[in-house]
Structures are given as C-alpha cells and as structure tokens.
Amino acid sequence: MPKFKGKKMRSEAREILEAVKSGDMSVEAALLSLKKQPFEDIGFAKVDMHRGIRQGFPEVIYGAGKSSGQIGEIMDAMIRNGQKQILITRIDKEKADELGRIHDISYKPEARIVCYGKGSDPGGKGKIVVATGGTSDIPVAEEAAVTAEFFGNEVVRLYDVGVAGLHRLLSHLDDIMSAGVIIAVAGMEGALASVIGGMADCPVIAVPTSVGYGAAFEGVSALLSMLNSCASGVSVVNIDNGFGAGYQASMINRR
Amino acid sequence: MPKFKGKKMRSEAREILEAVKSGDMSVEAALLSLKKQPFEDIGFAKVDMHRGIRQGFPEVIYGAGKSSGQIGEIMDAMIRNGQKQILITRIDKEKADELGRIHDISYKPEARIVCYGKGSDPGGKGKIVVATGGTSDIPVAEEAAVTAEFFGNEVVRLYDVGVAGLHRLLSHLDDIMSAGVIIAVAGMEGALASVIGGMADCPVIAVPTSVGYGAAFEGVSALLSMLNSCASGVSVVNIDNGFGAGYQASMINRR
Amino acid sequence: MPKFKGKKMRSEAREILEAVKSGDMSVEAALLSLKKQPFEDIGFAKVDMHRGIRQGFPEVIYGAGKSSGQIGEIMDAMIRNGQKQILITRIDKEKADELGRIHDISYKPEARIVCYGKGSDPGGKGKIVVATGGTSDIPVAEEAAVTAEFFGNEVVRLYDVGVAGLHRLLSHLDDIMSAGVIIAVAGMEGALASVIGGMADCPVIAVPTSVGYGAAFEGVSALLSMLNSCASGVSVVNIDNGFGAGYQASMINRR
Amino acid sequence: MPKFKGKKMRSEAREILEAVKSGDMSVEAALLSLKKQPFEDIGFAKVDMHRGIRQGFPEVIYGAGKSSGQIGEIMDAMIRNGQKQILITRIDKEKADELGRIHDISYKPEARIVCYGKGSDPGGKGKIVVATGGTSDIPVAEEAAVTAEFFGNEVVRLYDVGVAGLHRLLSHLDDIMSAGVIIAVAGMEGALASVIGGMADCPVIAVPTSVGYGAAFEGVSALLSMLNSCASGVSVVNIDNGFGAGYQASMINRR
Amino acid sequence: MPKFKGKKMRSEAREILEAVKSGDMSVEAALLSLKKQPFEDIGFAKVDMHRGIRQGFPEVIYGAGKSSGQIGEIMDAMIRNGQKQILITRIDKEKADELGRIHDISYKPEARIVCYGKGSDPGGKGKIVVATGGTSDIPVAEEAAVTAEFFGNEVVRLYDVGVAGLHRLLSHLDDIMSAGVIIAVAGMEGALASVIGGMADCPVIAVPTSVGYGAAFEGVSALLSMLNSCASGVSVVNIDNGFGAGYQASMINRR
Amino acid sequence: MPKFKGKKMRSEAREILEAVKSGDMSVEAALLSLKKQPFEDIGFAKVDMHRGIRQGFPEVIYGAGKSSGQIGEIMDAMIRNGQKQILITRIDKEKADELGRIHDISYKPEARIVCYGKGSDPGGKGKIVVATGGTSDIPVAEEAAVTAEFFGNEVVRLYDVGVAGLHRLLSHLDDIMSAGVIIAVAGMEGALASVIGGMADCPVIAVPTSVGYGAAFEGVSALLSMLNSCASGVSVVNIDNGFGAGYQASMINRR
Amino acid sequence: MPKFKGKKMRSEAREILEAVKSGDMSVEAALLSLKKQPFEDIGFAKVDMHRGIRQGFPEVIYGAGKSSGQIGEIMDAMIRNGQKQILITRIDKEKADELGRIHDISYKPEARIVCYGKGSDPGGKGKIVVATGGTSDIPVAEEAAVTAEFFGNEVVRLYDVGVAGLHRLLSHLDDIMSAGVIIAVAGMEGALASVIGGMADCPVIAVPTSVGYGAAFEGVSALLSMLNSCASGVSVVNIDNGFGAGYQASMINRR
Amino acid sequence: MPKFKGKKMRSEAREILEAVKSGDMSVEAALLSLKKQPFEDIGFAKVDMHRGIRQGFPEVIYGAGKSSGQIGEIMDAMIRNGQKQILITRIDKEKADELGRIHDISYKPEARIVCYGKGSDPGGKGKIVVATGGTSDIPVAEEAAVTAEFFGNEVVRLYDVGVAGLHRLLSHLDDIMSAGVIIAVAGMEGALASVIGGMADCPVIAVPTSVGYGAAFEGVSALLSMLNSCASGVSVVNIDNGFGAGYQASMINRR
C-alpha cells in the first residue's frame, strides 16, 4: 500500500478508491486494504478499526493505566488489520523498553511517546508553532510537537517564551506571524495564550499545564485563564493534554 | 458482532468499490459512504424502530425556557402522531393557563406540571413512597409524585419527616417497609436518604433539593451527602430533579 | 435452613414463616433461625444481624481500612448468626490470602472482592448489563458485576464501548434494549450514561470513575455529566462505587 | 477599495500589496487604505486599527456593558479608518434599535448580534456545521453561526440533536462526515461534543452552555465534559462563547 | 442492650410465630412485623415520650419560605398543645405585621424574629457575649442575641470590634474574660473568632456571615477561617446562622 | 470605655507632649509612643495576667510537623514553668517512643496522643458521649475521647452506630438522652450529627472525618452535612479535629 | 491645624510634635489636636479615632450596606474629632446626594466615591500608574485612581491596554517604566498583571475584576491568574477592590 | 502616541509599499513586515534595552523541577554575562551540595535557598519585619527573609506570634509600628495579616501557607482570609510564595 501513499496523509482511504477507479488496484486488494470490520474485540478492549477511514490518521493508543502486555496486544490487533503507523502516548521508558523487545519502535523520552512506523509524510500546509511559557512546560509541549510531527507536520519549537519576559516572545514575531497553527503551552497564570492569540492571525490551541504551586491548583488557574482569553481565535484542551493539541493542530493544518 | 452484520458490511464495501471501479460512484461519494457505514448499518434503523415500540408511554416536555407557544406546537406535533398522554414539567401557572385555552389539560401548581390525557393505568407492582425532609422540599416531591402517578403508579406521600425529629419518620415504618420504590427528597444536609436507605429493603432514589442557605450551596451539601450515603441501595439524581426521580421510579416499579 | 431456601433469595424470612404456618417447622426452630438479636457488638464494630430480615440479601463487609483480622472477626460473628453468604469489597490480594487460610473463600482480583458462600441462586427477572467507556474503567465495572452475580443475577459485560467510537456501542443494541437494568461505568466525560440512557427503556445506574487526568478532577467531571444527563431514567452513585451500583441493580432486578 | 476585494476575506492587505505591485494602485492610495495608526484612542477605549492587517477579518465589538453611545463612537472610529464590516456581539434589541437610527445595520435577535456591512464573501473551503444538544442552546449556536456566516462561511445548522435521542444525530451523518469544521454546542452533560468528535474527521470546537439546573452549575458540568472528551480533535471555548467558536472556526476554515 | 429489651423482643417474635402457626396472622403481616421490630421496640416510644419532657422549652418556627398563613397555623397548633413561648426566625416585617393582627407578638426588626410569649426566665449561669466584626454583621448577631435572651440568658453585645482595630476589642477584655459563652459573628476574613478564642476561657461559637464581596464568596472565606481557627475551644455553625449559635449557646449556658 | 482608662490615656499623652516640649523625648520616640498607646494601655497587661489565671489547666502541644526533639524542648520549658499535665496530639508511635526515653509519659496509639501527668480530676458535671458512624472514624473519636478524659471528664463511647443501621443507635437512647455533651464523629455523609442532634437535649459537637472516597472529598461532604444540620444545637469543628471537639466539650462540661 | 500641614500627609501627628517641640504650639492645643480617645462608640459603630495617628491617612468609610444616615453619623463623629479629610467608598449617587445636602462633599460617579475635604497635598515620590485590560474594568480602576489622588498622589491612567492588543500597552512603555507603583486592573484572564510585572521595575498591585462571563466565575479566573503570576513583584488584592489597591499604592509611594 | 512614532511608522509602511512596487520586496515579505510593525516599532528594542538597565540586581533562578546540572548551566550563563549575585529558590540540600562542588555558594536549609555572591549592600530605607503565625510557617518565612536580606534589606524576624496568643504579638508593638514593610506569613485561618494590618502604618504583604489540615485545603483558607482582610494596606501573594513576598518587599523598601 505504501506506493499509493501520496502527499496528504488523510487520503489513505481516498487513494485506495482512486486506485480502484483508475484500475491500478483490484477490488479484492482494496477490500483487503480497507478495514474489514469496524472494530476488533480483544477481550479487554474493542480496537477501533474504522477510525482510519473516518479520520485518516495513524492509530493512537493511550498508554496510561495499560500494561506493556495490553499495549502489545492492541498493537498486534492494529497491525493485523493493516495499520502501519501507531502512536502510543503517556508511556514510560520501562514499558517502552518492553515493547521494544517485540516491535520495531522509537521512544521519545521527553514526550513519553512511542512511535511505531515512520510517521506520515509532511502534508500540512503551514508550520505548527509550539510555544511554552517556561522550561517546566516542555514535556507537555513535546507531547504536542512529536504528535504533530508524526502526523506529518513541520513543527517550530519556541520554548521558555513566557510573558514575564516579553522580549523573548517578541524576538520570534516572524515565527508567530507566519504560523499555520500555534499551540500555546503554559502553566501558572497561562497568559501566554492570550498574548500569542492577540498577535497571531491563525488558530491558537491553548494547553494549560499542571506546572505551578499553591493557587495554581494543578493547572486550574492556567485552564481558567485560557478559557477566558480576551483574544479571539483561542480554544483550549484539557490540562497537560499535549497530544490532544497536537492532534487537533494536525487536523487543522491538513485542511 | 453477529456474523450477519459483518458480512453485510463487507459486502456493502465491495459494492461501493465496484461502483467506483465502474465509474457509477464518485470517489467523494464512496468515501462518505465508507465513513458512514458502521454507524448506519448497525444503529440508525434499530434506534428508530425502537422509538416506535416505546409509543405506549407518555411523552414528556421539559417546559423551562420554552414559551407557551413553543410548548403548544410541540404538543400539537405529538398529538398529530397519536400521542394521548403528555406530561409538561417546569411550567408556571401563567403559561399553563395559556395552554389551557387551547388544550384540555390539568395543572398541578405545586408540582408545576401540566398533564394532558388521563395518565397511564396503574401498572406498577408496588407503591412508590415519596418522602421529604421538610415542608420546603414539597414542590420537588410533588414533581416526583405527580410524575409517578401519571405514569401509572400508586404514590404514598410522607412529607416533613426529616431526621431531626426521628419519631415522625419512625411512625411511618409500615409505609417504608412495604414500599416498592422510595423517593427521598431533602435539602440542607440530606440525611433523610441514608436513614431511609438503612431501613428499607427496596431501591431508594435520592433527590437533593436546593433548600437551605449558606453552606447548603444551593443543594450541593445535600447532593454530596446522598452520593456518600453509607446505606446501600441509594442512587441520586440532579438537584431538584423531582421528575427524574419519578420517572426512574416508574421504570423500576413496572418491572 | 438451606432446605427452605427457594428461588428468591429475599424470601428467607418469608419461607420460615410459611414453614411455620404449614407446620413444617416448629416455632422454636424458627426462632432460632430468625436473628435473635438485631446486632452483635464485637467491640470495634456492631454487626447488623437484622438486615438479613429487612433486605433479604447476603451480608456485605466494606473491607477498606480494616485489617484481615478485623474482617475475620466480623465474618465469624456473621457466620455464628447463621449467615451463609458474605461479600467483602475493597480488599486487596494480600488480605484475601490471609482470610483464605481460615475461611473457604474465593477472590476476584480485578473486582477486589472476596466471596464467602456460593452466592444466591439466579433470581433476577432480567439481565443486568454492565458497560464501560474504556478499559481503565473495568475494575469498577467488575466490582459491580461480581456483586450483581453474587446476589443472583445474570450479568452481561460490554466493556470499552465509549462514545468516541459509537459503532462499538451500537453493535450491542440488542443487549442494551433487552436489559433489565443497565450499569453504565465511565470516567473522563462520562457521556456513556446519557447515550445508553437515551437508547434503553430500563433503569440506568451510572457510575462515574476516577479515570482521567487534569480537569477530570478524580471523577468529578464524569459525576457532573451523569447527574446532568439529558436522558431520563438515569440515577447516579458515588465515584468508583461499583458495589453500590451492583447492589441497587440487584434490588431493582429482583422486583 | 471594494474592487480589490477578491474571494478570500483575509487577503485585504494582501490585495492592496498585489495592486501596488501590478501598478493598479498608487502607493499613496495604498497608504491611505492601510491603517495609518495601530490604534486610535477615543478616550474610554483604544480602538485597534491594526488587527485588520494582522488577522484580515471584520472588526468585532463586544457589546456587553457598553452603552449604544459608546458602541456608536467605536463604530465611528472604525469607519473613519476605512473599516467596512463590523460585527457587534452581546447586544440587545433596544441598543441595536438605537444604533439603527444612525448606522445602516441589521440585527439578528436570536444571536443578539448587529452586523454592519454585508459580510465577507464566502471564502471558506468547507462547510461549518453548528450542532446543538437542545433547543435552549440555540441562542449560543446562533451567535456562532451568524459570526461564521458574516466571516464568509457556509453554515449548516443541526439543532436539537442531543445524544439522548441518538437517531436524531445519526440521521445527519452526511452533514457531520463532510463538514470542514464542526461547532458542538451543548449544556447539561455536554456529551454531544464527544459523540460528534468520535464520528467526524474534522476539527470540533465545543461550546459549553449555561443551560441546565442544579449540578449543571451554570455550564461547568458541560465545560468539564468537553475538556475531558475521550474523542481526539476536540477543543473548547468559554461557556456560552458562541462568538469565539464561530471566529476560530472561520480561521480554521479559510486555511 | 439491657436484658429486658432482648427478652421482650424475643418473646414478641415468638408471639408472631405462634400467631402465624395458628393462622391468626398472615405471613405478609408477620414479615412486616418482623422487619419493624428493632426500630419499634427500642426507639419510637422513647423518642415520643421524650418530646413530652422537652415541653418546658420555647418552640421554634423557621419562617423562611413559609407564608404568614402557614406560620399562623403552626402557631395555633402549638398553642393548642399548651405551648406558651414561640420564636419565629427569618420573618420579614410584612409577615410579622400580618401575624400581629391575630396573635399577641413582638417583632425585632433587626433580628427579623417574632417572639410570642414572654421568653424564659433568666436561667443561664453566665453571660452570653455576642460580638461582631463590623456593623454589617449586626443583623446576624441580633438573631443570635434575641434568641439567647428569649431562651432566658443575659446577653452582652459588643458590636463593631473587628480585628483591624484591635484596641476596640481589647477595651472589652473584661466582658470577654468573664463570659459564660461567646458568640463571635464576622464576615470577610472572620478573624474575630480566632482572636477572641485566644483570649477567652469559655466556649466560643463562631458564626460566619455572608458580609463581604469578591473572594469572600458569600461567607465561605469566613467559614473556612473559623473552621481552621488556631485557637482551641471554637466551633462553628452555618453561614448567617445566628439562631443556631444563640440556641446552642443557651444549651451550654443552662448546663 | 471605663473612665479611668480614658483619663489615664489622656494624661499619658500630655506627659509625652510635655517631655517633647522639654526636650526630654525625641519626636520619633514620642510618635512611636502615641501609636502604641491604645494597644498597650488596654490590652497587653491584662492579656498577660490572664495567662497566669489559666495555669491550672493542662497545656497542649500540637505534634504534627514537629520533631520529637522539638516537642521535648517545649515540654521541658513547660515543666520548668510548673506545668504538671501536658497533652501532645498528632504524634506517631516512633516519636512517642523517643519522648518516652526521657519523660514519664503514656501513649494512646489509636488516638495518637501522648499524655504527660495524670490528667485532671473528674470535674465535669455530666458525661461526654463520643459516637461514631463507622469503625474507620474511631481514631478521630479516640483523639476526642482521650482529650476529654485527660481534661477530667467521664466519657462514654458509642462506636459504629451510623444511621444506615438506625436500631444500633436507638438501642443507646439512654446514653444519648442523659449526656452532658455529645461529640458526633462521622465521615461520608455525616448524617449522624443530625440524627443525634434531633434526639439529644444537650449541645452536640460534630466532627467530620476524612473517611470515605470519591465525592466524600476528604471530609468535605461530611463537613457540609454537619454545617447544614436541620437539628438545632449542633456546631462543627474542622475535619478530623477530634482534639478540638474534646477540648470544647470539656469547656462546656465544666461549666 | 492647617497651618501645620506640610508636604507629607502622614506627618500630621509628627508635625504637631515638632510644633510642640519648637514652642509653636502649646501642649494644650496639641492635646486638643491629637485624637483624644482611641475610638468613639456611636451605638452601631465604633469609630476608630486612632488610625490617623497610626497610619497618617485620611479616614475612610466603607459605604456598602450603610444608609446615608449611618454614614452621616460616622462622618459627624470623625469631624467632631478633628478629621478634615474623609473618603467614602461604594456609595451610589442617591446616597451621595443625600449626604450632599448636609456636608460639603464631591462625588465621583464612576468611582462611586464621595470625597470630603480637599485631599492631601501631593506627597508621593513617584507616579502611580493605573492600567486596565478593558473598558469594563474602568469603574474599579477609578476607585483605585480617585483613592490614590485623594491620598496625595499623581496618577496616570492607561485604560483599555489589554494583552490581546499588545501594541497598545507597548506604546506606553515610558509610563510603565518610570512609574513608582503600578495598579493593574483586569478581569477575564487577568494576564495584564503578568505582562506589566515583567516589564516594570516597581511594585505592581494587581486587582482582579468580576468582568467576564462563564468560566470567569465573577473574577476567580483573574484572581488565580494574578496570584500565579510568573512575574516577580506582583501582589494581589480582593476582586474589584480598587480602593485597597489605591490605599496600599499610596502607602508604598509615600515611603 | 508621540508624533515621532506615528511618522516613523507611516514612513516605514511607505517604504515597504515602494519596495513592493519596484519589485524589491515580495508581497509575502511585505505582508509579514506590515503585521510585525506595531510590535517592533514600539516595543522590542525598548524592552531589550531595559534589561540592560536592570542588571545591577541579583538574578533569580526558580529551582523547582530543575536538575542541579540545569541550574549550573543557567548560573554559568549568568556569570558569563557579568552577574555577580544569584539567588536560587526551592532547592533541596542534595542539589545545593552538588552545586557547591562547582560554585562558591552558601545554602540556607530552612529557606531552601542558595545564594551566590555576597548579596546587595543594605539599601532599603526601613526594616522589613517578617512575622509568622506558627512554627510550621517558618520555612516560608525564611524564604522571604533570606530573599529580602540578599536584596539588601535589614530583616526583623517575629516568629510564632499567631493571633490565638495575642500577647505574643502585642509584646512586639515597637517592631511592628516602626517597620518599613511587613511580611505576614500564616496558614490555617491566616488572621495574622488582618491583625498586623490593623496596627501597622506600612504596607503589609500577606503570604498564606499550606500549613493546616482538613478545611485548610492546602492554604486556600488562609489565602481567602488574607484577600478579604478588613484591614487596609494588605496585599497577598501565592500560597507558600515566600520569595515573591521578599522580592516585592525589597522593591517597596528601596523606593
């Protein structure tokens, strides 16, 4: 199937159809390539095989609370069904090492992500800028950045550009103003999203982080700030949800 | 998943592919069909058919935030479709009077409910006891009681039997111990649910009310109490949700 | 007494009375069989011996925060008073193993439940469906399922049918629509309860779980969702309270 | 300047530059057309004149808490600086009528929006679907829809498709699966965002509404649900912030 | 449990069984009797008898949410039963005037209390000091003071002695140090309770008030302060619950 | 303000002014003296003198967050000043053992209290009843009971008498109705305080405990219940604050 | 006394002492000028007469919840004691008009402040900058600004310089960098305080306002943001507490 | 805006347009330049230059979440840039020891601060008083005190002067009334700030601490108390933020 893979990652199902139309692929081969069942029941989990057709993205496994054995079984089911790219989030090094004994994977320790397969070809139309307020926000930002890269986007990292030292942010005006999507990652008072939102002319996805102490309330302060942003064009995902931001940014960027 | 379903789906996919191959279907249309497949195949028809089965039951209109004109239109549509029994909740006297000029309804002012049609015949197997902690909880209790009666249940009202005067509750032991379902309605500290739950041997549905002041926080105190009830067999509905309790009690009682 | 045990578990006291009426049992023997005291005081705890008469169910010990020694003493007191079925919740494997050296028990590790005695005969009229949104909700679901089974019900498990992959749930419409009671177990946004509540025509007991992160706030997000369900017929128990749901479902199902 | 206005609204500044390049416009005329100052200070407010260049969108005035006189002054300053399209949100009929005596505006009562100018030409690449859980969510949805339309998008309205009656939503699978961006507007438990997010293959912007009572806590329940959505590709704006959703959806759709 | 109780209970069970055997009692009736036994035997009679013992005390009617007609009816019932002293709380002047047309009452506007009867004779052993932080706390303080006076206590009022002007409080050290019970009424940061608690050697009942704005959160700030008082001997009642404080202070003082 | 005070103060001000005039006092020193005047005149001496009066009572050391070395030093200072009775709360066995090597103490492991000295002679006029809802509340109850005993009171323990098995509580009506003060200790829904408050005619001090899970929120549910008790005569201390309850109960009982 | 009034307002007491020292004022006259009593009890309030000596500032009356009659009485007591400057906050126009019939006052409607007396002479060493995020924050800002001016400071107003249009703020860098104290007033996400705090090298007092909707939670979002500011040198006062900020800024500026 | 600024900006826009016209600049590059203009013109240079002016002050590194290696690298960069004084907060002994092997530092274990360099010369005009309510608040107080000392201030420590033993605080009236700035550090009910604020005539910075249990909610109780202080002149920093208080106090004191 890789030969049918074109520029845009979302088009896997579409390309199969085009190939059928043009006669480059037989109906039989196409049926085999398409997910045959909407999901596969492997006992403790029902692996969704239809999302590939619906959303045209690599499959994703949320690793938290799953043993490496369980993750391995889900991967197997996906691979059986023809999946070539799998992203596993919230997975620590130990479990990743265990997976690595069986599957050919790469591990991004800061993002705590396992990548199986080579990732999509760059298909996004613009650059995705991932900015953080401080250095402690970087793990969440990396989860977003690695996700966006694996989903075929070019990512620009602007780390530690918090609003308390505005010149750090202002020195990257070019990146901000030419971005296709911006992911603003910040804890504490989360003001970064508003400041970037006021300067940029592209969608901004804000990610509150649990960085801070006291009245930061594990990310609630940043979350509320971002929801109340006085800048238009800002939307918010869950606290520390770097993956969610990277995923939606990819959706936006491939449009 | 039953075999038939899997087969059907796969054959549909083949048909789509054949149509694409033959040029009878565009790639766009095929892609949309593939995306919709697992939802349409399995779900929609059944869900819709199921609505038909349910028709023997009264319909319910949530009146809050709707004008009497809007409510009237919804009623008309229901009646046109053969509905003979309609319950309208959260409706004040003024709107009810306006409805009453057009439809043959009865209004229960304390419950703030309009009944259209005569209600279901008594079909429940046991009695539904509706108990309140204080007199201020009665409107919520009446919403539950009138709902349960309209849905064909015999209702016993035990009002103002709060735990601060335990003898009031204990003097109704017969009712409590022979009930089929009990709805415990209380504000403030909401202890009524636990005390009744400890005595009864039937399901207890607890309804926190917004009665109280200060740290009652508009019903939050009672809600938390009820969720944390040390008595088994107690479940909880939303604050002031008398209708929800009456509805579920009816479901339980007709079993 | 076992010979008097008929189909329905709750009828233990009733059967004694029937036997007395028919002359099959002497008043003396009946007196002995009936709990002689409403409770037994064993120092740190007052074991309730009257609940068997009131609620006709196996006895339950909440294991959290009790040593295996304390649990053993409570079990002894119950057995002394003629109890043949005991369920112990929230107990880890280590304590269960210690209990197992003295009593003939079985341990369900995923549900973290110890069962003493063989459980009630199936007496419920319908099936109890236990559904979960994700795989991480399974331990709470198992607590509900094992409880319901021990209390004499047939249980159908539908795990990992969360609303983000609706076709997984829709493929089980038959189970949902023929259920006697449904227990919907979900963390994160807890939408499962509303979706099931909208499809089913039986009572739905919703169990929020503490699964999730960030603004899931240890189950608060799911709890609020479930309390605000737009579907009628849904009531809610405490966060992670699988036992409470299984218990109330049993009460409803035996009606 | 209208003659330079092409298909895409964002390109106002770009088109001026193109016209300068091609010689169709003199540098002087271009300077005049471009905002001369980044903002104009009118005493109580600093009207931002540079946002047009930065974001290429119509200007927006947040009407809440401003008198019609103040709004009129801000409009005047904008018009003086060449703005031809102004959107005024959160404005009641009375103030709109007062504005209407001076300016040529249209008022959308359900959305509580005043539009000045004819709105951008359709420039978005896909359709924006605006869906609501219930009828009470419609005012917020209209704020989103009218905004998106004024910013040059084709909008499809799917109102009252809440998850408690899933067949209503499933009957619109075509719209959902072919959308460019979806705005999911819901109060109470806010499950709509997750269900739609699981089906669609485009970005979903979730708008919690303050619809509901009791433990809905003025929209907090829906907000938390949406932040915790188990579906990927969902981000969230502030409670009742229909404008914010419509604005960001426009940004995404014109990409 | 006293012997008599056990005996009585057991013999009653025997009598029930004998009656069932002889056919004098149906199985149903016997079952209900058995279920009620532990509650009836032990509790009901005593509780009821106890009400009689209490009759020497004024009765209290919580006036909020009751019409003057309803209050009048409750008063009539009390008076018919021989009650000579009745206190009605949370009642506005208008309702009090209506009551005054029928009954011989006095109204305390600041306390919003109606007194019927002359109040108890001074029976308390010490003085009850009622102190407030500011002038806005006086209505709550008066509710406490009037209650305590009506229940037969001498009351000393120390109003507007908040900790921001400590010398005002210190100038009343004599009153504080010779008090029998102190009621400390304060809103905002509620520090008064701690400062008085540190000086006094008698019980202090703290009453948080809803006085304040912003982060006072309608009394929550004062409530938390008082619960966390670093001074021993301080307990707390609900926000604005002047009556509760006056009532408990009376209980303590008459000891 | 008593006359003497005013006179004294005024004359002091005159003396200061005279000293400034004569050059005997600098302006700086005079300013400081004037600023301090109302605090010193009225407060300090009396407060200090009052400490002397209190000396007949046991001293209390809050052990949490202090090393055994620090506690030992504080004890030494107290003993040097003639203190014969010291109570140390929130101290674990290990630290107690270390203290035991130096001082002649006794340790109550369940209450986590160290007693130094033999405690006060029984001086209270009535019995203090300490009741708990469950067995997990016993440690907090013991903190209260041991404190009350050390302060010279007779204590009656009623443990595990939660409202879900009301007959257990009702079987102790005699103790409850003859108590001087009652301390009601409960977690989860905290209903015990209301039920006891409704039966007793003495002051009830409610202690919420952090026992429970999920929506118990570490004691918040019980705290709110108790603050909102529908029974008069109930006041509340901080979550798990057994000592505070025992201390205030002692204050009340010795009156 | 006016003749002794020098540059610095705080030195009223000091100047009297200097005059006594130099012989310009007799001890008798000085005694008369100094507050003779620490407070005056006028029944419902104890007016603090000593604060003038302690804090050297005009007297302040918090007008909220006081009738114009009560405010007038407090003013009278102050004036009787020699006060020449009084600031009354949170007072609406109607009450101000009533006061104006008796006293020679001026009313600032936007700040909702009444000034009695001409205010202190400028004594502050630097300028106090009062900045707001939006136009809706202006009333709170005016409360701060008018307070600071009445207490003798030069105030620079920078209104509507919110971070969503950063260039508006940046164009006032000169004011910000030369300020003595800055008061940053903002609602919604409250990011203004962090951005200003990062640029300025003087103390910043942040005032969250209740401006916003939805998850702004009446100022909580801004409050948390400001408490968590990543910029050093920022402290926070209560929501909408413009007076508190103006007061503390005056204290800082006169140092 | 000063004339020069406007002129400059306008002429730049002209130059861009001319360059586009002549083909020297692409439309894309021109668009980016126009977008950046208001930020660059006004802000960036000045902000950056301003960092240079600030260099006379110690730099601060927030140590939490950074490895000693990372801290060392940041220190190296600072030292390379000529910094002679560095303060590192929230650093434990182990990391400090590691740093000590490379740099010449001193470690304050109670404050958990590392000081590099000798600190500023005393430049503050007054004394900074740091007061705590209890002994458990001392670590936070030390963070404030060490910071203030390192920034060149004389610090007076008043520890364990909580309001429950008012004489302890009153015995330090001299220190409080002659202070330049006061930092009030307290957990639990946080009343210290109000009491000190009422006595002092200088700015008070309140620091809530997470000391306490139960309803102290990790510092929230103290935080709310302090925000609601009835004393004027009090502002608040984040829970446990001793550094922030010490830093702002230094700013105030050097004025």
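Should a chain be cited, it is by its letter among A, B, C, D, E, F, G and H, assigned in written order, with residues numbered from 1 in that chain.
Just so it is clear, a residue touches a chain if its C-beta (ideal position, glycine included) is under 8 Å from a C-beta of that chain, and two chains touch if they have at least 3 such contacts.
This structure is a prediction, so every number in the text was calculated from the model and none was measured.
**Q** Figure out the least number of contact steps between chain D and chain F, where 1 means they touch directly.
**A** Minimum step count, chain D to chain F: 2.
**Q** Count the C-beta contact pairs for C-E and for B-F, then tell me which is higher.
**A** Counting C-beta pairs in contact, B-F comes out ahead.
**Q** Considering only mean CA positions as chain centres, point out the chain farthest from chain E.
**A** A
**Q** Would you kindly tell me how far, in whole Å, the mean C-alpha position of chain H lies from that of chain E?
**A** 48
**Q** Taking each chain's centre as its mean C-alpha position, how far apart are chain B and chain C in Å?
**A** Result: the chain centres lie 24 Å from each other.
**Q** On a C-alpha centroid basis, what's the spacing between chain F and chain H, in Å?
**A** Distance between chain centres, rounded to whole Å: 37 Å.
**Q** Find every residue in chain H that makes contact with two or more other chains and list them.
**A** Those would be 1, 35, 38-39, 43, 47, 166, 177, 199, 201, 214-216, 220, 223, 227-228, 232, 238-239.
**Q** Chain pairs that touch, all of them, please.
**A** A-B, A-C, A-D, A-G, A-H, B-C, B-D, B-E, B-F, C-D, C-E, C-F, D-G, D-H, E-F, E-G, E-H, F-G, F-H, G-H
**Q** Under the touch definition given earlier, write down the residues of chain C that touch chain F in their complex.
**A** Counting only chain C, the residues touching chain F are 38-39, 44-46, 48, 50-51, 64-66, 70, 208, 210, 218-220, 223, 238-241.
**Q** Quick one: which bits of chain D touch chain C in the complex? Just the residue numbers, please.
**A** 133-134, 162-166, 188-191, 194-195, 197-199, 212, 214-217, 220-222, 224-232
**Q** For a test of understanding, state which residues of chain E touch chain F in their complex under the given definition.
**A** On the chain E side, the touching residues are 1, 5, 38-39, 42-43, 46-47, 50, 53-54, 60, 125-126, 166-167, 170-171, 173, 177, 180, 199, 201-203, 205, 223, 227-228, 232-239, 243-245, 247-248, 251-253, 255.
**Q** Can you list the chain A residues touching chain B in their complex?
**A** 13-14, 17-18, 20-21, 23, 27, 30-31, 34, 36-39, 41, 50, 53-54
**Q** Can you tell me which positions in chain D touch chain B when the two form their complex?
**A** 135-136, 166-167, 170-171, 173-174, 177-178, 199, 201, 211, 213-216
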